[in-house]
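Per-chain numbering from 1; labels A, B, C, D, E and F assigned in written order.
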Amino acid sequence: MSNEIIAELHKDYIYNLMVKQEREDGRAFDQYRELVIETNVINKAEGSARVRLGDTHVVVGVKIQPGTPFPDTPDQGVIITNLELIPLASPVFESGPPREDAIELARVVDRGIRESQCIDLSKLCVTAGEKVWMVFIDVHVLDDGGNIMDAASFGAVAALLTAKLPNKRYDLGEDAPVPMRNVPVSVTAVEIGGSIMLDPSLNEESIAGTKLTVTSNQEGDVSAMQKSGVQPLTTEQINYIVDMAIEKAKEIREKFLVI
Amino acid sequence: MSNEIIAELHKDYIYNLMVKQEREDGRAFDQYRELVIETNVINKAEGSARVRLGDTHVVVGVKIQPGTPFPDTPDQGVIITNLELIPLASPVFESGPPREDAIELARVVDRGIRESQCIDLSKLCVTAGEKVWMVFIDVHVLDDGGNIMDAASFGAVAALLTAKLPNKRYDLGEDAPVPMRNVPVSVTAVEIGGSIMLDPSLNEESIAGTKLTVTSNQEGDVSAMQKSGVQPLTTEQINYIVDMAIEKAKEIREKFLVI
Amino acid sequence: MSNEIIAELHKDYIYNLMVKQEREDGRAFDQYRELVIETNVINKAEGSARVRLGDTHVVVGVKIQPGTPFPDTPDQGVIITNLELIPLASPVFESGPPREDAIELARVVDRGIRESQCIDLSKLCVTAGEKVWMVFIDVHVLDDGGNIMDAASFGAVAALLTAKLPNKRYDLGEDAPVPMRNVPVSVTAVEIGGSIMLDPSLNEESIAGTKLTVTSNQEGDVSAMQKSGVQPLTTEQINYIVDMAIEKAKEIREKFLVI
Amino acid sequence: MSKPEKLIEDGIRIDVRRADALRHIKIEVGVLNRADGSCYFEFGGNKVMAAVYGPREVHPRHMQKSNSAVVRYRYNMASFSVEDRKRPGPDRRSIEVSKVSREALEPVIFQEYFPRSAIDIFVEILQADAGTRTAGINAASIALADAGIPMKSLISACAVGKVDDTLVLDLNKDEDNYGQADMPIAMTPDGRITLIQMDGHLTKDEFKEAIEMAKTGCLAIHELQKAALTEKYSAQMEGVNNEQ
Amino acid sequence: MSKPEKLIEDGIRIDVRRADALRHIKIEVGVLNRADGSCYFEFGGNKVMAAVYGPREVHPRHMQKSNSAVVRYRYNMASFSVEDRKRPGPDRRSIEVSKVSREALEPVIFQEYFPRSAIDIFVEILQADAGTRTAGINAASIALADAGIPMKSLISACAVGKVDDTLVLDLNKDEDNYGQADMPIAMTPDGRITLIQMDGHLTKDEFKEAIEMAKTGCLAIHELQKAALTEKYSAQMEGVNNEQ
Amino acid sequence: MSKPEKLIEDGIRIDVRRADALRHIKIEVGVLNRADGSCYFEFGGNKVMAAVYGPREVHPRHMQKSNSAVVRYRYNMASFSVEDRKRPGPDRRSIEVSKVSREALEPVIFQEYFPRSAIDIFVEILQADAGTRTAGINAASIALADAGIPMKSLISACAVGKVDDTLVLDLNKDEDNYGQADMPIAMTPDGRITLIQMDGHLTKDEFKEAIEMAKTGCLAIHELQKAALTEKYSAQMEGVNNEQ
């Protein structure tokens, strides 16, 4: 709870720094906090990753099981993304079914993956109309230090990049990698007092009026976008963020290529 | 909320009118408010109707899909009736799963249709024991001006009378009308200060101790009945309402024959 | 509610008795209250029993239906135990889904039956991998006079001992008894002020810091055990209770052999 | 079972009753220790336990009424009470039955004596055999009296139905399943109807005959209810009888 | 239907629109009696009813804000509004849509005028045809004005998408199903964006063009919204226009 | 995998342990920023994160106790922690585990120091491998100390089981699946047992031997817990050790 009070006291301080074009932790406006991605951290999962982005800490597990396809896409696998803001991760998270914040986060992570078509869903079909692979992406947030959005998204992509289709377990031959054909990268910006900055810390997030998340693919095109928060943005601000996000995504994508 | 306060102030007024054998809106005790039924208002539904009964406004959609029959009636279609008192329709309705009032309304609408046997359920069988038509009747209340019961019931019957079995969509031949063989009509009466009157307005409903809904078929026989509310009724009152309801149903039934 | 207040006033009294090695109702520390077990009390159930243990009153019904086995045990029947603390049975029970107390009771009853292997689950297989008997044990508590745990357990075992597999109803031949090969008996002790006593009454239960339930089989071996409550126990106390419980179980088991 | 060819033969029903006969009724008053009042009621194959708690505090608070008690009624079927196991917990049917049962009893309870308090009625169907809601109301009415709740009168309930084109009192399960109409009714001893529901098919004349038949049934049940309470509280019942 | 071979032919879309044309819009203001403000809105095949209640008391109390009104938005699809019947009640999609729609409207509401109170916005989708969230926001914005809630301006919303490699305004259902990108936007009349979401595939240049296209669409809708309100409240609208 | 022919051969278990050996344990203290205290605990293949918040305000209010803190414990398995994906949210098993785990820790917490407040313990099972509840209790006990909650002592927990008619300490997954008995135990360093559960089959003598075996295991774990805390808080630990 004390964290909350400190955050409150920091608000003015951060705001005042912003005016001087500075951030509390000394970062440049387009600079991310330290990002550490470890993969294969959960051996019961078909793919997994632990992401530490500054003080934020998430674990993503990918479980893959056979299931029935949707009637309108009989020859395509299914992606289901779930994210829980468990009370272990923050004094302000509560037990119970996911609320709108968690649902929004899960759906934006999901769209970043789905809309970038980074997974070739047609290769997740075992028997058309009958059996396809169901890919469950479960994001477990352990410590909320701000910008869960990007940490979750990085974790999901990293877990997928190392995930295996468990063919052997279901007598379908040898295990094979999940058919990934792109590496979408989500970049989140906030607007505070007219300034735009990337990768908000918890304190920055708490005083920002609005967030904009832009997911771009390795061709540098936009796959998904989400504004979250009450403060309006101008077209100029949005265009500025999109340009910045596409550049920053290229830099972050390098991290995935060495996984 | 102001509507609620006005209703409160009206109570004495209405009660006093009642004693003088008068109603607030000048209607005779056996007179319905203006009733307008439009059908085919929702083209995504297999059948639909909009009902305005005085200030009350409901939309009913009928969706028809193939499904599995119940084990004890393998050669009969299935009717499922749902009614929601959504918070858009009244300051006193709340979000969330249906409460006892909504459930009672749905079940009485359902029984009026089911028990009058107006739908020939055996003609809703596609393959005995395997596939039958599931008829979902969904009542959406948009404005509660009193006597939702009858408005919902009229809407359900009107929507069914114009509904089509979507054979084409499921490769089962040409679309065909829902096999209707009767037109049940629900008539609701209230007792206020010893007087019986039909089609209560919102104000009348709020001061009535009890409601009695009588659904009769086109032969003039009773198919379903429900007393709702705490005030007891005498046998004489009930018999009087049943006689009145059967007569009034004949008049209202005319509205359906021109659909 | 008055019962609750009386219980409160009794606490000191009972505690003081304990110190004098006495119980409120004059029982010896290892003595159960009067136990009456009637079976076949619900003819819609495949097996049933009514248990009165002092002021405690439970009815247990066993329903048996065909169902699909779990994938990892394709040739074994399924036991599902449910217990509800319905508000009819006590002023402190509430409506709604089972809470931790009811869930713990259900699971301990279940383990007593499951872990003693008193039911030969392999004989509940109809067609391996496809159809097995599902045995639903539903415990309905009607009056909470203390030690629901043992009353529920006795009722479950008694109901099973008289239950029939409904072969006839499902065209599988003649009805047959549920294949029982042991009679597990649950015995619950409490610790109050250093003394150990069996079968706590409601008042005793309310002042006891902890309960220990020991289920033993007819060979005198332990099948299941559960400590419930905050007060720690020493190894000596636990061993003392285990010895006592095994002896007492032999005595109680006699009741079942005459069913 | 499948539909029998005839549900009535020579005026005799499949359970060897005449058209106007009730099933066997067994009443036990005050059978539970924790409840303030209780009643075990057998009505044909129905086995029902009713308990009353109150007047007591209302939780949650916002349900309190400042000038009267709030009456709550929970009708619940045990999972094992029916042929096919019922999932535990309330379903739409039991919510509706609870509502109309509560409304059947409220008119005779002096709710205004207990402002800001709750009178809770719990009815558990242990075995079901057509007529559970009327069995529950009969039991609950006795449990209220057993709890000492001030009442204007008892409430008695039974159903009338139509089978093989004949009106019959107190349907059994087969008559309910294969009959043409079912009409449960609850009433005060002086004939004021506090619950009426109907489904099926009745002509206007049949309806009027049915309602009279139900009255006769309810009055017979009322005598049994009184007798059961008198047996338990010979002295205290004086007052209750005077109030009626 | 399965994917049509071409969604655009000679610059004309399958519903005979040009790339920059909106679908037919029909607006009725103040159509409900119980609500404090309401609007029925047709947008192509979308049929949407919006109602506003408030400012009114907040239940549950702990949701109150001491220095401003709390704005709540409930987007709900009727079961019969879509091809395959939707289960009643909120799902994950409708919870997200409710959130972003609320955030699209909050910036123009003078929430600080009504501390400790609630402004409740209910949007029911009676018929869905791609673009329900933007239809809902357009309707809700008018319903807020109809309820007399003080606002800095109206909010207007529409989507831009990409089909057959061409940017098009206001996707219809087939374009939504088989198109390459969908980007709903909501904005104030002076171009401040209060909602933006996107999925699919847009190059950076396409994106920038798309956002301009959306602006044009929103401004056109804004004129229709004003006209509908003016028609109903020719006199009262003076003030609102000045505020813009 | 299917049941191995032998779970113990020449006194050596399938994971090359002797009957009385614990699996590998790894402890990290204070690994989370937001929580007031935390501990990451690996116990064989179990990976567990525990966090403690409090003493803090109780929501909802009616859960407050006027003369002590309320202790709450939430044991939760991540969907991906097990072979077959687990549906998110509490199930009956996790509710029971949460209850007995809370009762295992409450006796050592000075709850009376913090009336009207809550001490919340959250345990997340990230990877499960038999013994998650004991791993969780071990982790939670350290997290409580890390949060500075006054405690009489730490609590240590492990299971004893029976496989191939032999008593063994600290079952692994295969021993749990194919063994004959499983008995998790939690205790104070001075041997007072705060959790005991058992299922399977143990003779009276085996039971008594098993409980002694568990004690030895718990004491070994206690040393590791102390060491991990000492490492982090060499100075502050003085006080805690004195309290024991």
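In the analysis below, a contact is a pair of C-beta atoms (placed from the backbone, for glycine too) under 8 Å apart; a residue touches a chain by one contact, two chains touch by 3 or more.
Since we're looking at a predicted model, the values are computed, not measured.
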{"item": "Intersection of contact partners for chain B and chain E", "value": "none"}
{"item": "Contacts common to chain C and chain E (chain labels)", "value": "none"}
{"item": "Greatest separation from chain C - chain, by CA centre", "value": "E"}
{"item": "Taking each chain's C-alpha mean as its centre, the one farthest from chain A", "value": "D"}
{"item": "Computed distance of Cα centres, chain E from chain D, in Å", "value": "52"}
{"item": "Chain A-chain D separation of Cα centroids, rounded to whole Å", "value": "58"}
{"item": "Gap in Å, rounded to a whole number, between the CA centres of chain E and chain A", "value": "27"}
{"item": "Multi-partner residues of chain A (each touching 2 or more other chains)", "value": "none"}
{"item": "Contact graph of the chains (line, ring, star, complete, other)", "value": "ring"}
{"item": "Ring of chains, enumerated from chain A in the sense that reaches chain F first", "value": "A, F, C, D, B, E"}
{"item": "Interfacial residue positions of chain B with respect to chain D in the complex", "value": "98, 100, 103-104, 106-107, 111, 114-115, 117, 212, 217, 220-235, 238-239, 242-243, 246"}
{"item": "Residues of chain E touching chain A in the complex", "value": "92-93, 95-96, 98-100, 103, 106-107, 183, 187-188, 191-204, 207-208, 211-212, 215"}
{"item": "Chain D-facing residues of chain C, complex", "value": "1, 3, 41-45, 48, 55, 57, 59, 61-63, 65, 82, 84, 86-91, 95, 97, 136, 138, 140, 142-145"}
{"item": "Contact set on chain D toward chain C in their complex", "value": "32-35, 45, 47, 49-51, 53, 56-57, 74, 76, 78-85, 88-89, 120, 122-124, 126-128"}
